Amino acid sequence: MNAECVVWTTASALFAVGAGFIVLRRQLVAMIIGVELMVNAANILIVFTAARRGDPAGLAVALLTLAAAAAEVVVGLSLIMSMRRGEDEVPETQTLRGMAG
Amino acid sequence: MTETFAVCGGLAVLFAAAALFQKTLYGAAMCLLGVLLETAVLFILLGSPLLGFLQVLVYAGAVMVLVVIAILASPPKLSGRWAELNVPRPVAWLAPLAAFAGLMAAGQSLGGVHALPQAGPALERAMARLLFGPWALATEAVGVLVLIASLSVLKEDA
Amino acid sequence: MSELPVWAFVPLAAPVAALTVGFFLTHRVRPSATHLPILLSCSAVAAAALALLGGALGGASWSGRLFTWIAVGSMRVDFGLLYDPLTVSVLAMVSVVGLLIHVYASAYMAHDRGFSPFFLYFHMFFFMMIGLLTSDNYLQLYLFWEGVGLASFLLIGFWSHKATARAAAWKAFLTNRVGDVGFLLAILLMFRWAGTTRFADVFAAPGLISPDRAFIVGALLFWAACAKSAQFPLYVWLPDAMEGPTPVSALMHAATMVTAGVFLLARSYPLLERSPGLLAFIALIGGITAVWGAVGAIFRKDLKRVLAYSTVSHLGLMTLGLGAGGVFPAVFHLIVHGFFKAALFLCAGNVIHGLHDSLGGAPSATVEDAGGLGRDMPLTFAAFTLAALSLAGVPPLGGFWSKELVLSGAFAFPGLAVLGMLTAMGSSLYIGRLLFLTFLGERSWQRGKDAHAHEVSPAMWVPVMLLAAGGAVAGLFAAPLAHLLGAAHGHPSHLVTALSLTAMAAGAVLAWVCADGAPAWEPTWRARFPAFAEAVESDWGWQPFCHSLARGVGHGAAFLGGVVEGALWDPGTEDLARSIPAAGELLGRRARGLLNDYAWWMTAGAAALALMVTTCL
Amino acid sequence: MSVSLLWIIPAGAAALTLAAPSARAARALALLTAAAVLAYSLTLIVPFRAQDGVLRLVELGAPGAYGIRYSVAVDGVSLALCWLTAFLTVLSLGASWAGGHGKGFWAAFLALEAAIMGVFTMQNLFWFYFFWDASLIPMFFIIGLWGSANRRKAAFKFILYTFVGGLALLVGLTGLVALHHQATGTWTWEIAELTRGTAGGPWAKYVFLAIAAGFAVKVPVFPLHNWLPDAHTEAPAAGSVMLAGAMLKMGVYGFLRVLVPAFPALSAEALPWAAGLGVASILYGALCAMAQSDLKRLIAFTSVSHMGFCVVGIFSLTPEGLSGAALQMLNHGLSTGGLFLLVGFLYERAHTRGLDDFGGLAATAPWFTFFFAFVMLSSIGLPGLNGFVGEALTLYGLLQACWPLALAASLGAVLAAAYGLPSFQRVFWAPPGPSSRSGEVSDMTLREQAILWSLAAPILGLGLFPKPLLALMAPAVAALARR
């Protein structure tokens, strides 16, 4: 079977589901999860292309992306935690105006 | 090799879809864990066990812990899991599908390779030399980034 | 056509000089002396005109080009002067009558507050009229034609505090402007077909030889002449023009200005005669106007209104003469009429001036105000009678000869002959009625008031006598004028003379019956037949029709200016301008700032971009 | 003797007046500059005569990208229009001498003069458009800051209309350049090259319409005229003089300079429409003028009517019609400028412009009466004064092109009398009405009389001796004639 097609399909599917998370889910944490999925999909593709072309830079980028994604999740979650300290999940947080408050 | 990749890839997508339709966030987090582990397997299949290992170590380990803590700390949510959007429900679903179609179209245009390429240990060694060679700055920068990120977890009043 | 001698410029130069001196010097320094330079210029013009007449009788005629006015593309117009027999003869009458009326006006208007501006306007008219007579091409004639129209606007509306005077001035100018549009179109067509507007070139131009083109240009010129010479459709402004001071009525609306139209037709006779149908049509309109004017004059009360309708009638006669008999009868009647009609108007002026205190300062007198003035104002009575007889056409006097010539021309066509006879009878009827009611019979103005009518000062009755005398002896001018204009001058057939004399006599008798006869028609018939009186007063509905026409245009303008511009256009464009931000507001309300919305748009956008890029590559 | 000085001097002076120590100094400087520009523009006739060819006194700057270069030249029509602009600027500054305005007022007028001079002298479409839009800004401030009652609305409406027009023009001009590039493969904004009849193809019609619409808003032609009455009513007297006297001419000049030369075939084809709209402007303007009760709105509508004659003259594409249109532009500038100055003087005294708020002025203010009558007669086209020559020529041109329209247009002469004289009678002859303020109207001061005499002289002069001016302008428009 054509490896290229397989890899692209899985990566695109993963990316699409990640996008689905961001667009459809209400909670912010779900959005964070969505972002994680999209990063992984990208990583898969990067590693696949690096392996195909035998280019170490690809792998290096994948590694760095992995670390950056980790840092991003940490910051994201801490933001969400600090924001929601004291009041429960109310719709305001969904809107920009709410967050500003 | 391509067939096992297809199976593991399919599993990953399944886990992701499951996560999307989970009622509780906790369930979603667990499915995310599944996807991350599958991704690690995919890396290994692609001939880069180091990345697979790091993926498990960094992602599946540290990140998942944080996600789980965040979910547990937040009070149980009663309102529905779906956000109401300006656009009607079916049209909302259109966006992810469109993303999928866009990427697939991009993939088709790049032409195909039949056998699954293997990165191999030599490439990993070359990567290591690269990381700590010309890209030393990038590596250090990522390191510092991760360090600062962890500082952000401290609460103001702590 | 010999070159212009120096003194040929005097008729134009003298008025310009007098006006500049008057406007910049005397009007500022000593307003009461403004009339002096003007009288000087009038006499100079009269002298020059008579000298030119002498020269013309000797067979000479002059023309010369002054400067190029417009020169662009195929349109080339030069300012030039032309003294041919037609110009010289009419100029002589205009200048002599003008001089006498200027003298009369200096006395008549002496104590009027606007004495100085009056004279400046009056002399401006005089200058425009002379310019009109002496111009050598249609465009220059049109320039002075409108100038004369402007002067009549200023002079009719001279007593501008009176609403009727303002309305009359405005009506006169508008009606003349309606005519002038026709004139302008005729000029433009001349340029189009003949490439020039000089009289000699236009008549010789190949482009205008064909009868239908000559008909179109001729008809447009006749339309302009109708407006200026008060022919049937466009005469409505002349009766109202009596709102102006009497010297104005005498000079402009009797002797000179209103004859400009007939002069224009006489000037373009070579063009008109190319389409026989047009000449017959002109004669017909002339005949109708003559009868219409006579009928109007018979039933009017106001002295000056009667004379105004009489002028309309006689202008109709001139046009009839031109259409049926050619240039000579029309011009001869124009000249003779100029004299006796000016005399009649000035006599009316004397009456108004004489009855000043009993009229309470009213600018015009009606037949009822006057009565039995013959004894109190003998000289005016004598002049009026002499002029009236000449108008009626009593044989030895000038009016008889000119009317005979016109009627003999009209006898060529049966219908016109009848119209001519009716006019002859009507003329003697209304002028006889006026004579008997004003100067004979019992003095109605003295009832209950101790006022007395005093004879006017010499400066006023001398010009009147001269004019009346001129009207009387005008018959002698017939032979030299015929020779001048090169027209055959045979004696009118005895049948024509007999018929016209009987008609005149019948009219006179009828006048005596109506004025001083047994059943005392005059004061009572208006009460007994109010509907008829109203019909006559409104010219059988023609005056109200014209007024409603003008008001209609006014309402149309008000609708356009007010409703369309004010209600539709202005707000329309402003609403359009306001609708754009409103639309923005409407769209804005949909986006409530949901994160997911933005995420959706971002994803959809990115996907679309990816698809587009991949499909394009 | 460079033509660029025509707009450089006023522009520089405008900056100087802003920096002037006091309002009085600024005022003096402004009037001095305006007089200098007028004198300078008049002396240009000497070098102009020395050269030959249609476009003279050509100055070319360094060629920039896409054929955009600073190129200036003058032909008969644009030189005459420069004289008119300079003359009217001097008069309008003189008229508002005693108005007690701040420095900004004088600077705005000089900037306006600079922009208008630029429009009339630029030979490169890019710079033409630059000055075209530059002229809006000072005019906007003049109406917006120193106007009367609801000046804001008028100023915004003015900007809205002219800006949208400007956009259409910009689209059109770039379209023209593109068409030219399509045909010849070279990029150029030079009017000389663009008007070699190279613009063709299916898009030519739309580019033609866009440019025509852009200019038509400025002329203004009938359907797009709505901004004019408001702009005039609210603008100060001097502003109205400049707006009517010089700015309306930019639209007509645009027709003569850009539109007709660039699309000769289309212009001929557009005759029934364009001339029809012109005649509509004549009749609609005259009818609306009859219905106005505010003197300035009345005069504004007369401008619409007069400009209708220009449009008709141009699209007749006959030598007489085109020369008539060019002359009519100057005539209208003089007569309408005079009328606005007079109404401005009346407004300074009685602070009202209503026709019924005056009355009986003939007795108390003879000079006002004389000048108003004189200029009104010129405006309604009395032969012997300048209005008539322009109208006669344009009517003759139209008669050759399409005679039914000429008949309709000649009705404009009757309607002209219908709005001219009654308004004169109501203001000067009729006795003062209940709401009359004639008591406050003192007769004209010497300064005002001098201004009006300096206007009356050309009005009579052009009426009797138009030949020299027509000879100056004829070659410029002769090339456009097709009949």
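Labels A, B, C and D are assigned to the chains in the order they are written; within every chain, residues are numbered from 1.
One rule holds in what follows: contacts are C-beta pairs under 8 Å (C-beta built on N, C-alpha and C of every residue); 3 or more make two chains touch, one makes a residue touch a chain.
All values derive from a computational prediction rather than experimental measurement.
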item: Any chain in contact with chain A as well as chain C; value: B
item: Most centrally placed chain - per-chain CA mean versus overall CA mean; value: D
item: Inter-chain pair with the most contacting C-beta pairs; value: A-B
item: Reference chain B; chain at largest CA-centroid distance; value: C
item: Between chain B and chain A, distance of the C-alpha-averaged centres to the nearest whole Å; value: 6
item: Intercentroid distance (Cα basis), chain C paired with chain B, Å; value: 103
item: Chain B and chain D, separation of their C-alpha mean positions in angstrom; value: 71
item: Rounded Å distance between chain C and chain D, as computed from the means of their C-alpha atoms; value: 37
item: Multi-partner residues of chain C (each touching 2 or more other chains); value: 592, 594-596, 599-600, 603
item: Multi-partner residues of chain B (at least 2 other chains); value: 83, 85, 92, 95-96, 99, 103, 108
item: Chain-to-chain touches, reported pairwise for every pair that qualifies; value: A-B, A-C, B-C, C-D
item: Residues on chain A engaged by chain B in the complex (per definition of touch); value: 1-21, 23-27, 29-30, 32-33, 36-37, 40, 43-44, 47-48, 50-52, 54, 56-57, 59-60, 62-64, 66-75, 77-82, 84, 88-89, 91, 94
item: Parts of chain B lying in touch with chain A, wherever the complex brings them together; value: 1-3, 5-6, 9-10, 12-13, 16-17, 19-20, 25, 28-29, 32, 35-36, 39, 42-43, 46-48, 51, 54-55, 58-59, 62-63, 66-67, 69-71, 73-75, 77, 79-83, 85, 92-93, 95-97, 99-100, 103-104, 107-108, 110-119, 123-124, 126-127, 129-131, 135, 138-139, 142-143, 145-146, 148-150, 152-153, 155-156
item: Complex interface listing, chain C residues touching chain D; value: 67-75, 139, 142-143, 145-147, 150, 153, 157, 160-161, 163, 166, 169-170, 173-174, 177-178, 180-181, 184-185, 187-189, 191-192, 553-554, 556-562, 564-565, 569-570, 573-574, 577
item: Chain B residues touching chain C - in the complex, by the definition given at the top; value: 83-87, 92, 94-96, 98-99, 101-103, 105-106, 108-109
item: Residues on chain C engaged by chain A in the complex (per definition of touch); value: 592-596, 599-600, 603
